[in-house]
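Quick notes on the structure that follows.
Read from first to last, the chains carry the letters A, B, C and D; within each, the first residue is number 1.
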Amino acid sequence: MTRIAVLGCGRIGVMHAANIAAHPRARLAGVYDVAAAAAETVGTAHGARIFRSAAEVFASADVDAVLIASATATHCDYIEAAVEAGKPVLCEKPLDLSLERVELCRRRIGDTALPIMLGFVRRFDPGHRAARQACLDGEIGDLHQVVITSRDPAMSPDAYIEVSGGIFRDMTIHDLDLARFMLGEEVVSVSATGSRLVDPALMERCGDYDTTVAVLTTAGGRQAVIVNSRAAAYGYDQRVELFGSKGMVLSGNRRRNEVTKHVGSATNVSTPLLHFFIERYAAAFDAEIGSFVDAVENGAPVEVGFEDGRAASILADAAFKSVDEGRTVRVSEIA
Amino acid sequence: MTRIAVLGCGRIGVMHAANIAAHPRARLAGVYDVAAAAAETVGTAHGARIFRSAAEVFASADVDAVLIASATATHCDYIEAAVEAGKPVLCEKPLDLSLERVELCRRRIGDTALPIMLGFVRRFDPGHRAARQACLDGEIGDLHQVVITSRDPAMSPDAYIEVSGGIFRDMTIHDLDLARFMLGEEVVSVSATGSRLVDPALMERCGDYDTTVAVLTTAGGRQAVIVNSRAAAYGYDQRVELFGSKGMVLSGNRRRNEVTKHVGSATNVSTPLLHFFIERYAAAFDAEIGSFVDAVENGAPVEVGFEDGRAASILADAAFKSVDEGRTVRVSEIA
Amino acid sequence: MTRIAVLGCGRIGVMHAANIAAHPRARLAGVYDVAAAAAETVGTAHGARIFRSAAEVFASADVDAVLIASATATHCDYIEAAVEAGKPVLCEKPLDLSLERVELCRRRIGDTALPIMLGFVRRFDPGHRAARQACLDGEIGDLHQVVITSRDPAMSPDAYIEVSGGIFRDMTIHDLDLARFMLGEEVVSVSATGSRLVDPALMERCGDYDTTVAVLTTAGGRQAVIVNSRAAAYGYDQRVELFGSKGMVLSGNRRRNEVTKHVGSATNVSTPLLHFFIERYAAAFDAEIGSFVDAVENGAPVEVGFEDGRAASILADAAFKSVDEGRTVRVSEIA
Amino acid sequence: MTRIAVLGCGRIGVMHAANIAAHPRARLAGVYDVAAAAAETVGTAHGARIFRSAAEVFASADVDAVLIASATATHCDYIEAAVEAGKPVLCEKPLDLSLERVELCRRRIGDTALPIMLGFVRRFDPGHRAARQACLDGEIGDLHQVVITSRDPAMSPDAYIEVSGGIFRDMTIHDLDLARFMLGEEVVSVSATGSRLVDPALMERCGDYDTTVAVLTTAGGRQAVIVNSRAAAYGYDQRVELFGSKGMVLSGNRRRNEVTKHVGSATNVSTPLLHFFIERYAAAFDAEIGSFVDAVENGAPVEVGFEDGRAASILADAAFKSVDEGRTVRVSEIA
């Protein structure tokens, strides 16, 4: 039984707290948020301790590990504090918007043996994972192309967009990690294209894009194509296609049930897609906690580590640079 | 090149005439209809001879074979005349509404070696045929159950219903033949249920049903379930399911294209089903002509013969008797 | 928080105990089984009390309600004891193999105001429920036909079959209840067909069938077709089709994920169906507990009551009588 | 009735000759091939004239129009000769491997009023066309992204690859035209990525690629992603996805029938994709002839003209330049 404290009680922290509380091998050791009311609501709901500071969390003997779901700017600080306190970490993405900060953190935590796990939850999705396993099992031969379609159901609030670091760092970063997970070879170059079609004014103001394509290439020539949009009217569109020399495997969208309607001139009408990440990746978030507990309790290697978080951030930076300069950017140019 | 004359220029006769005219191994030898104008339209369209009587057709040296698509009451007369004239026959279903007339015809044509083929077109549908082949190839082990869903897109005109002989004889008869084709064993009993839900007044007046289920059993215990309705708002629903000891094979509905729409809360919205039999079974009607030409030119055995037509009519009678008497009817009670 | 004790710790009792233990509004008050070891295993796993007799359960002040998952022959005894003790009941199907025993129980419990709920879990399946709701909402117009396909993944053990009461009472009974739930009108007649194809020797010995079709008709003429097999090589096949004057709604099979494979000549290869009822109806079993808690805590009417259990048993008897006598049996003949 | 002569009797010329011969509004006026035997086979099969030279075709008063299906290097010569002879042209893609030759041809034919149609057959596919129409009808709002997946079933013969002009000119060119057809705005830039994974040695020798991604951007910011492979083990993969502000429409792969198999642990096993372009685009090739006849007989504007052929060739050149230089290439750099 691993006692995990949650730092940050926003939407995703609330979800993590509930998942930990319900997990057979974890216990919610407590919660903390800069907004005391947020922490109080969550803590009370689960009968868990409400910490008054992050320092209190790190100092507590009743906390075996921490889950960092606070604002991005605090991630590296908390990771460093956790390492100093000897507490394993499960940290939400991204590590930081600035690669410099990530590098500094990397140096500071050095070669710690503590589990530092990144919350790239899609790696734990049963469908995506089964698709990858089929590939590893040779069912599609040599992997040639990965095609990831990833579209949010609706534009995030302006306030979020303004500080998110841009689409490649706040949204695509999940797909960049997923592409790395699927490709099985290090990415050497990135070519990206960005447009402003959903909310051109907002995107213009933030120097951001809402409609993008990123193409990654590995040393061996494998390609990953990531097609993103910040707003899909039909829901949260999450598809992964692995294409190889002997076939193709697809991990498709999920729905709440298998009901179809057939009326007038429309047939096979299916239910909406599961609305957003908390529903769509519910099983994955649960498996993520399980994987973290394995690492904490049994010393199993973390399935997604600090270096994976850093690599995804590098690819995000490369994508922005590629759009800015209208050229393919080699990863070695970034870091 | 087989020269085929078409008797009867209603909707299905017009279609057959066009199929024959376009067939690489057949030629439209001419057309006849009691309504001279109908024959003239079709004949002119294809540059084919317009016969002034059925007798003229049977007497013509330029006619190698006849396709009977006239009113049901004329089928047996024409078959007998064709046999007398030594001309092979492809006859639309049913042979006759009266089993007595069918028996008389059977005696009259005796053991003719001429091809007498029945137009049970569904046997020639590529999908249904591939499903059956999978079964014959042992892919689903021993066959246990056949489930046929067969629903017309809309109620036929009153005038048709009034003289059709009832749903089992005008509509289910195709499914009864298809069930026999799939079952691979003779049917020994029939249990049917009939309701009046689409147009109760009309059905009541005609002593007919518009919503029915028929369950057939073979000597070996195999079951076929036929689910019918005279009116499906979403189109012409034609599905066949073969279930066996090692698996199941389904032949599903067909659509004009593979386009799906995903908008708002409805996803995977597919195009309507192919509207009705002429579109849905276009490939089957074409293959049927080819099969008939094979029988005429090469002496290949007809794939669906007079005895198949008689057997389906017997099952239709058994179905009506089953509904009337509220019991399972043994086929041996009918004939 | 409703404290529920579980009577019977076989496969389904074990599952119910776990569901109750995990339910946010229920607590596992204890477990009992005639085999003390079985109760001990389950009780220990959940840190719940292990009762030494059923009487002890009914007498306990710490038990708010009971879930009966013991052998069928004990169901009515336990229901009667629970009513006497003033404890609400959630009872697994069927009430009893004998309608006489059911009638006796009915008289004994009289017009108790206590919630007596039957475990017809399929009513709580999100897909089946959404299909029914679409029908109630008028999306398919007037309901005409219900088609239920229900096939077990494999034959149950001989020992189970020998005392199960026969396919209509042990397996179809779920579909009979589901048909009633969907039809929205009382069933007035049953016509059933039974074959012995999966294990003819066993079926012969038990006077049972493994391959059946049952057709139910309501007073208004609505039809329900239930297609059953005791062994489907491709898994647990659970489909419901509702057909009405304006369209059709289907509740289809469920799979563990949405992965498809495309290799060589086979495309769109999907994963197996969820294996059996515990997986397939996991969400439904959970919702069932919630519904029972609602009835216990808030006095909400039970969604599936004693009369529903009795009605399904009557239909099962009618189905056997129909097969035996080769005729349509009116429900009024049975009870 | 338009009398069309076919120049070039290779695989695609043979198909076109048969389509013309079977078309209700066209007649096969004759055939020509540098290999006399090839022409003789086709001509004899259809009872059509066998021309001994291209000049003879252009001079014939019995030829209303020509279909050019000869070697790519002859396309522009024949177009020029046809224009001089006053005969409308339907020309297979591409116009030429060299843009200079295309420009020269363009100057030579000047502003001829004769129909000069390009054989970009995918524009005539009923599915792709219905998808585009849904977009034009506003069903998906403003178009944001077009995703085209286009994979050949197997690597073409070495001899073809060696002279094909490279993947963007021989294969992607169809997708480039389809993207233009769907985008509804002119493409202003191209960013392409190429790998050698299917047959690295051959690709290396020819300076070509077998696995590519091309991203096109319009002036308005719309994006088209084209994912190509020269060899898909599961068949000819042809999918088009249109994504807009209000939804998405997909035109999917087609199969010969709607049969699915469910055995052991594999469910929903579908039949192979239609094998290659002649089968997959059969309806489109037929519609293409009809569209050409409309242009010839009624003076309807050609649906795909010389400028479309030139535009696609420019995009193909831009794609190669993009791969070579590792940067996004503006179309204005090419022509």
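By definition in this document, contacts are C-beta pairs under 8 Å (C-beta built on N, C-alpha and C of every residue); 3 or more make two chains touch, one makes a residue touch a chain.
Just so we're clear, the structure is a prediction, and the values are computed from it rather than from any experiment.
Q: Which chains make contact with chain A and with chain C at once?
A: B, D
Q: Farthest chain from chain B, comparing Cα centres?
A: A
Q: Quick check: how many Å separate the C-alpha centres of chain A and chain B?
A: 58
Q: With chain centres taken as the means of their Cα atoms, state the distance from chain B to chain C in Å.
A: That pair's centroid distance is 41 Å.
Q: Among the residues of chain A, pick out those that touch two or more other chains and give their numbers.
A: 140, 233-234, 246-248, 253, 260, 262-264, 271, in rising order.
Q: Please classify the inter-chain touch graph. Allowed labels: line, ring, star, complete, other.
A: Drawn as a graph, the chains make a fully connected set, so complete.
Q: Which residues of chain C touch chain A in the complex?
A: That would be residues 22, 126-127, 130-131, 134, 139-140, 246-254, 256-264, 271 of chain C.
Q: Residues of chain C touching chain D in their complex?
A: Going through chain C, the ones touching chain D are 233-235, 253, 255, 260, 262-273.
Q: Provide the residue numbers of chain D that touch chain A in the complex, in ascending order.
A: 140-142, 144-145, 147, 149, 151, 189, 191, 193, 195-198, 211, 213, 215, 217, 221-223, 225, 227, 229, 231-234, 237, 243-248, 326-328
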